[in-house]
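Below: one structure, written as structure tokens.
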């Protein structure tokens, strides 16, 4: 039985990190959020420009993402900074508190001055940091892990080396009772039948086809015909012949397991096993959604070398080719390029990924964590009002 | 009398009120590297944002144009563009569009084989440029060298009554002294569009603005062409808009300028702004402003990373954001007040820190026009 | 690793392999766990596909164990499999493919 040591939260979930974060709920407060985090070393700022003046669909998505981030198992405590009478932070905080999360919200523009608010925040964060240090680790089973699957800065090797290796890992952890979450709806357009045919039942199948269709239409409304534009001339030079082949190269990160569930952006899966989340191909927004949906660790394949991470989840970078590993070793955690020049099989790299996942779950720092890559961006659907 | 300030002359004829070396990220993926370079070199500003990849059409162009505008800003002595390599918003594309009137260079993480090398290279370039910037002295310049953004935030009827005439006079004086003024055209101003359009010179902008005053239009995100909702403006909205339009002064408005677009001649302009203050101030920074006057009943909690933002508030309001306010408008004698505001503005333009600068609350953000893919 | 391989088969069901280095006509494909060595008949750039067996016109191309396209002409063993001899799937192909698959576990 594969296990790791993590942090058990009051709501029963288990984290692989123990972060204290401060998050803004109004764009105007982003600067103060960074300032406050700077005053308490060890606290991670999570800032964005969403939250206010958004259309209903966007506001819902923002709330879902922020709640998922603050209530994430990797987070020990979260402080929200908001502003004004219609601020969303108190509502989010109240819901999370009910769930046993250690959260608090401070609203600027109430009956306290700015410096009083900052001081209050500083005191709360220092206390939260102290309390986080007292939390003990306990052994947990891999069945409690949710691993998000992502690619970014892909090259011609992504679909040949790294992604099938991730797929092999995904099948293994699903076999062991854990969860893997595939994402990036963009990549499924044109080859949706392949994943749809792996759906556990008709409901999941139809749900999947529905989100792919919605995505394709949204792109079309903005003037982009995903089917016509892929594979791109660059893809073809790299050896990709058809749209199905390109898509397979991406969706094979999900291996060959049965598709158990399809969830919306930033929503938590309720099923274990292989799951799909509706996210854009934009890697940072996709990772933000996967993490908000409860993924404790992200596997991220890259061919050109992308350093991005997440503020709260370790991101494991799988390099697709030997040259990348030679040139940018600082940004790569697992070298799937060994398939090309050292005759490793993707099953072997899959096993290497599994060991790395367990080590990282136990606390080993990934490249993106080492270099403070804490990118965060919520998938925006429309413009600001 | 002639108004002057001490600023930094640029080769393209503009002048900075600040002399920053801009470290500009082309895409979110290089933002950590940009922040680190900026933290290591005093005198630099990190221009980071969440965009730059998986964007299409106008949404992508907006990102590119804003970053070109930021790099061209008169407050930016020199601009170092930092990219990843595989992003939509290529550093090469930005470099081609930035006018060659100041030191501008581009580097990329993939090209330099990793963040560590990129930071090292970036720091060495930034150090060289900040050294040059430090040697540059402020010179006495006429007020016509200022491009002043004016942004209203959360003003109510009482606040407009109290502050309106002073701000209106400030705008007029700036225009009369050949400065450029860019007024934030927000949704709240729309009901007054017809009245304002009479002062607009550009015929297309005139028609659009007049049109906007007819009804409140809201687009639905799923399919903008089908789901547009129109409502009548309320009496309250119309009244507030009329008050707000008064603070644009009395002079003709040249045109409505777009993201990253700089006004060509002196005089009054408008730029569309959203309710998001960071996005609005960032847009003004990309429009070539070198200072912004924020007119607010409460004071706002954020400034611009590249511009001094001076906060004007009607006096004796119940705002708890006193720490943010640079000038309280008493609202008695318009002409005396406007003179004091202009003097304070010239001092801030000459290097005095605004309250927001003292609190180090400068930010930057690029709006989205649509979804990402 | 004891032996160096120059091609990769992503699934045992596949009739194409991805070459890991650029191969010229006459070179032999070597794949892990495969005894059979296929002789390449055209130059194939790295990352591109080689046919592991003859694929008649209108037959499916399998990579990752999935159908990724249809042969538009007879493809010989060792041939370069790309745009000139493969097309993507039509909606009709997809629905045909779907019929053959059972939805399990309902």
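Here the chain labels run A, B and C in written order, and each chain numbers its own residues starting at 1.
We adopt the following convention: a residue touches a chain if its C-beta (ideal position, glycine included) is under 8 Å from a C-beta of that chain, and two chains touch if they have at least 3 such contacts.
This one's a predicted model, so the numbers in the text were calculated from it and none came from an experiment.
Shown here, the protein chains touch in a chain-like sequence that does not close on itself.
Core chain by CA centroid proximity to the global CA centroid: A.
Centre-to-centre spacing of chain A and chain B amounts to 33 Å, using the average Cα coordinate of each chain. Work out the mean CA point of chain B and of chain C, and you get 56 Å between them. Note for the complex: chain A touches chain C at residues 156-157, 160, 164, 190, 193-194, 197, 199-202, 205, 236, 238-239, 241-245, 248-249, 252, 256, 258, 339-346. By the touch criterion given at the top, residues 1, 3-5, 8, 10, 18, 20-21, 32, 45-49, 61, 63-69, 81-83, 86-89, 94, 97-98, 101, 103-106 of chain C touch chain A in their complex. Interface of chain B with chain A (complex): residues 28-29, 31-33, 36, 50, 53-54, 56-57, 59, 84-86, 109-110, 113-116, 187, 218-224, 274-279, 298, 300-303, 320-324, 359-363, 365, 367-373. On the chain A side of its complex with chain B, the touching residues are 27-32, 35, 48-49, 52-53, 55, 57-58, 83, 108-115, 152-153, 186, 218-219, 221-224, 226, 280-285, 304-308, 327-331, 371-377, 379-385.
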